[in-house]
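Alright, structures below, take your time with them.
Shared between the two complexes below is subunit A, which has subunit B as its partner in the first and subunit C in the second.
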Partner chain A sequence: MKPLELTLGILTAVGGFVDISELVFVSQAGARFGYALIWVIVLATVGIIVFGEMSGRIAAVSRQPMFTIIRKELGLTLGGVTLIGGLVSTLVTCAAEIGGVALVLQLLTGGSYLLLAALATTVFAASIWLLPFKWIERSYGLLGLVMLVFAAALLALDPPWSHIAAGLVPRVPAGLSQQDMLVYGYFVVALISAIMFPYELYFYSSGGVEDAWSKADLSTNRVTSIVGMSLGALMAIVLLCLAAQELGPRGISPEQVGAVVLQPGLAFGKLGVILGLLGILTAVAGAAIETCLANAYAVSQFFGWRWGRHRPPQDTPLFTLAWLVVFALALALVCTGVEVTDLADYAVVLSIVVLPLSFLPLLLAGNDPVLMRDQVNGPWSRRLGWLFYGLVVLAAVAAVPLYLLTLGGKL
Partner chain B sequence: MDGTQFAALRWRSMKPACIGIALALVGCGSQSRSECEALRTTESVLNELAWAAEQADAGRTPRTYLEAFQRQGVQQLKQSAQELRPHDPTAAGIVDGVAGYAGTPDRLRAAARSLRAREATLEAA
Partner chain C sequence: MRAADPHHIADAFLDMPLVDLHDHSCGVVDDIELAEIEPGIWELAAILVGPGAWRRRRPRWLTALLPKLKAVRIAKADIASATQVVRLMRPAAEVGLATTERRLLALMGGR
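For the complex of A and B:
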C-alpha cells in the first residue's frame, strides 16, 4: 500500500461522495425531521461500504467489472432488464447532476441556465476525452473537498451535539401524523437510495479494472472504501445537521439548490457562499462524469465491447459513442425544463428499484469460491451482504408507493 | 423570454399531467393533495428568498449570487402561481403579489404565512 496513493484514494472518495440527490435529500430530510434521520445515513453508508468493497475485490481478483458479472450471473434476459433499469436511472441522475451544475454556475456568473448546461456538458466531454482515468477521478474528487466549508460552517454555528448524537439511534419521532409518518418513510427510502446509488458501484468496479487492480491492491480497496466512504458520509451528516439547525426553523425545505449555500454564508459571509457554491459545483460535476461513464461502462461490458479510458478513444469507438450519447441525452432531458429537484426525485426512486437486481449478482459472485478462490466473501461479508440485500429489497418494494402517496415527500 | 423560461414553460405544461397520472395510478387522486404540495413548495421558496434578502442586507452574499438566486426564485413563484390559479385563485393572487419582484423579507414572510394558513385549512378539511 503506497501511502500517497492511499491518501489520494481516500480524499477522492470523500470529495466524490456527495452528489446532487444527496444534497437535495439530506437537506430536505434535515429541514423536515431535524436530526431524526442521521441513523439512515449511517446505515446506508455501511451498506455501500459492504457492496463497494465487494465490487472492488471482485474486480481485483477476477478482473471482471460489474456488468460482466451481472450478465454472467443473471443471464441475458434478467441481465438485460437490469441493464435497461440501470441505464435509465443513471441517465436521469446524470441529467440531475448537469442541471445542478448549470444552476450553480448561474448563481456564480448570472448567465443563461441552458447555455451553462451546454457549456458544462462540453467541458465534461472534453475532460473524459483528454484526461486519463486517474486524473478524471482524482481532479474532480479532490476539488470536491471544497465542500468541507459546510463542515467548518457547522462547527462555527455551534451545533447541538446531544441532538446530533440522539439522531444516530434509529427511531421514529414522536407525535407524527399519519401523513408525516409516510413522508418520514419516504425519506428513509430516498436516503438509502441516494447513498447506495447503483452507478457508484458500476463506476467503482470499472475503475478497479481501469486501474488494473490485482490482489496487491486489495488492502487499498478495503481502506479506500471503508475510510473514504465513511468520511464522505460525514459530509452528508453535516449537510443534514445544517439543514436541521438553519433551514427547518426558517420554514425552508430547500427547493432551490442555491438556498443551501446561505448556511456557510451565515458563518463566513460572502466567502462562505462562494466556497459553498464552488464545493457543490465540483462535487456535482464529478458525479456528472461518473454517472455518464457508469452508463457507458455498463452497456459496453454487457455487450462485450472494448471499453475503458485507459485506452485511447479511437480504440474504443462504441464505448466512446456510448458516453457521448449519454451526455447528449442527459442534456436533452435538462433542456425540457424539468426542475433539478424533480430530476433528483425521479433518480432516487428509479435507482432504488434497480438496486436489488444490481446487488444480487455481486453477492452471488462474491460468494462464489471458484471465481474468488481465497478472496471469497468471509462470514461477515456474507452476513452483512444478505442483510443489506434484504434491506434494499424492502426499500425497493416500498419506494414507488411511498413516492406516489407523499408526492415525492412534498406533502 | 430566455431559454430557462421557455424550458420551464414546457415543463410547467407537463408537470400537472405527470402528477395526475401518478395519483391516478394509486387510486388516490385528489386535487387538495397536489394543491397542498404546491402550497408547501411555494412557502419554502418564499422563505428562501426572504432569508437570502436578509443575508444580502447583512452583507453576507455576493451581488451576482443574490440576483441569480432571486431570478430563479421568482421564476419558481410564477410557475407556482400558474399551478395554483385554477383551484385556488386566492393563493395564486398572494404569490402574484410578490412574484413580480424579489420583495422585502417582511412581505415575502407574510406571503409565506398566508400560504401556510391556507395549507392548514386544506389539511384540516
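For the complex of A and C:
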C-alpha cells in the first residue's frame, strides 16, 4: 500500500462522495424531520461500503469490470434490462448534476442558467478529452474538499450533540400524521438510493480495472472504500444536521441549492457562502463527470467495445462517442426546463429500482469460488451482502408507490 | 471444449468478452453453435457475435421489432483460449469483428 496513493484515494472518495441528490435529499430530510434520519445515512453507507469493496475485489481478482460481470451473470435479456435501467437512471442523474452546477454558477455570476449549463458541459467534455484521468479524478475530488466548510460551520454553530447521537438509533419520530409517516418513508428510500447510486459502483469497478488492480491492491481497495466512504458519509450527516439546526426551525425548505449554501454563511458570513458555493460546485461537477463516464463504461463493457480513459479518446472511438452522447442528452434534459430538484427526484427513484439488478450479479460473482478463488466472499461479506440486498429490494418495491403517494416528498 | 451437457459449454462461453490477437476488445460471445461429435457428447463448433446472433436469446416480440441484423461466425479453430475472456488467434479485422469501431478508428486517427 503506497501511503500517498492511499491518502489521495481516500481524499478523492471523500470529496467525490457528495452529489446533487445527496445535497437535496439530506438537506430536505434534516429540515423536515430534524436528526431522525441520520441512521439511514449510516445504514446505507455500510451498504455501499460492502458492495463497493466487493466490486473492487472482483475487479482486482477477475480483472472484469461491473457490466461484464452483469452480462455474464444475468445473461443477455436481463443484463440488457439492467443496462437500459442503469443508463436511464444515470443519465437523469448526470442531467441533475449539470443542472446543479449551472444553478451554482448562476448564483456566483448571475448569468443565464441554460447558457451556464451548456458552458459547464463543454468544460466537462473538454476536461475528459484533454486531461489525464488521474488529474480529473483527483482535481475534482480534492477541490470538493472545500465542502469541509460545512463541517466547520456546524462546529461553529454549536450543534446539539445529544440530538445528533439520538439520530443514530433507527426510529420513527413520535407524533407523525399518516401523511408525514409516508413522507418519512419516502425520505428513507430516497436517502438509501442517493447514497447507494449504482453509477458509483460502475465507476469504481471500471477504475480498478483501468488501474490494473491485482491482489496486491486489495488492501488499498478495502481501506479506500471503508475510510473514504465513511468520511464522505460524515459530510452527508453534517449537511443533514445543519439543515435540522438552521433551516428547519426557520421554516426554510431547502428545495433549492441556494438554501443549502446559506448554511456556512450563518457561521462565516459572505466568505462562508462563497466557500460553500465553490465546494458544492466542484463536488457536483465531479459527480457530473463520474455519471457521464459511468454510462459510457456500462454500454462499452456490455457490448465489448474498447473502453477506458487511460487511452487517448481516438483509440476508444465508440466509448468516446458514448460519453459525448451522454453529455449531449443530459444537457438536452436540462434544456427542457425541468427543475434540478425534480431531476434529482427522478434520479433517486429510477436508481433504486435498478439497484437490485445491479447488485445481484456482484453478490453472485463475489460468492463464486471458481471466479474469486481465495478471495471469495467470506462469511461476513456474504451475510452483509444478502442483508443489504434484501434491504435494497424492499426499498425498490416501496420507492414508486411512496413517490406517487407523497408527490416526491412534497406533501 | 467437449461436454455431455451442452449447458456446460454454454456457461463457459456465452456472454464472455472477446479479445483479438492484439489484445483489443472486439465484442462479446452472443451465441454458440454446438456439434454432437458422438452420441451424447457435444463440442463447441463456433461462436456467434453481433446483434444478429441475439435472435435465439431475446424475447420474440423484440425479434419482431428489430430488423434483420448481422452476426459474425467464428470457427472453433480461431479460438486460442477461454478463461476470463475468449481470446482469438487472429486480429479482429481478419475475422470481421468490430467493423464500426475500426471505421471510427480510421476516421479519428486512432490506433
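We adopt the following convention: the second predicted complex is superposed on the first by the 411 of 411 C-alpha atoms of A that agree within 3 Å, B and C clash if a C-alpha of one lies under 4 Å from a C-alpha of the other, contacts with A are read in each partner's own complex, and residues count from 1 in each chain.
Keep this in mind: a residue touches a chain if its C-beta (ideal position, glycine included) is under 8 Å from a C-beta of that chain, and two chains touch if they have at least 3 such contacts.
Everything quoted here is computed from the prediction, not taken from an experiment.
Shared-chain residue A:39: touches no atom of subunit B or subunit C.
Within the superposed three-chain model, A:71 lies in touch with subunit C and out of touch with subunit B [touch as defined at top].
Look at A:108: by the touch rule set out above, it reaches subunit B but stays clear of subunit C. Touched residues of subunit A were counted for both subunit B and subunit C, and B has more of them.
Applying the stated contact rule after C-alpha superposition, one finds that A:133 touches neither subunit B nor subunit C. Of the two partner chains, subunit B is the only one that A:250 touches; subunit C does not reach it. Legend: residue contacts after superposition of the two complexes on their common chain; A:337 is shown touching subunit B, with no touch to subunit C. Chain contact summary for the complex, subunit A toward subunit C: residues 62-64, 68, 71-72, 75-77, 79-80, 301-307, 312-318, 320-321.
Contacts from subunit A toward subunit B in the complex involve residues 103, 106-110, 112-115, 179, 250-256, 258-259, 261-262, 265-266, 269-270, 272-274, 277, 335-339, 342, 401, 403-405, 407, 410-411.
Those residues of subunit C whose C-beta lies close enough to touch subunit A in the complex are 14-18, 24-28, 30, 54, 57-59, 84, 98, 100-101, 104-105, 107-111.
Residue ranges on subunit B touching subunit A, taken from their complex, read 2-4, 6-12, 14-15, 19, 22-23, 25-26, 28, 33-34, 36-37, 40-41, 43-45, 47-48, 51-52, 55, 59-62, 64-65, 67-69, 72-73, 76, 112, 116, 123.
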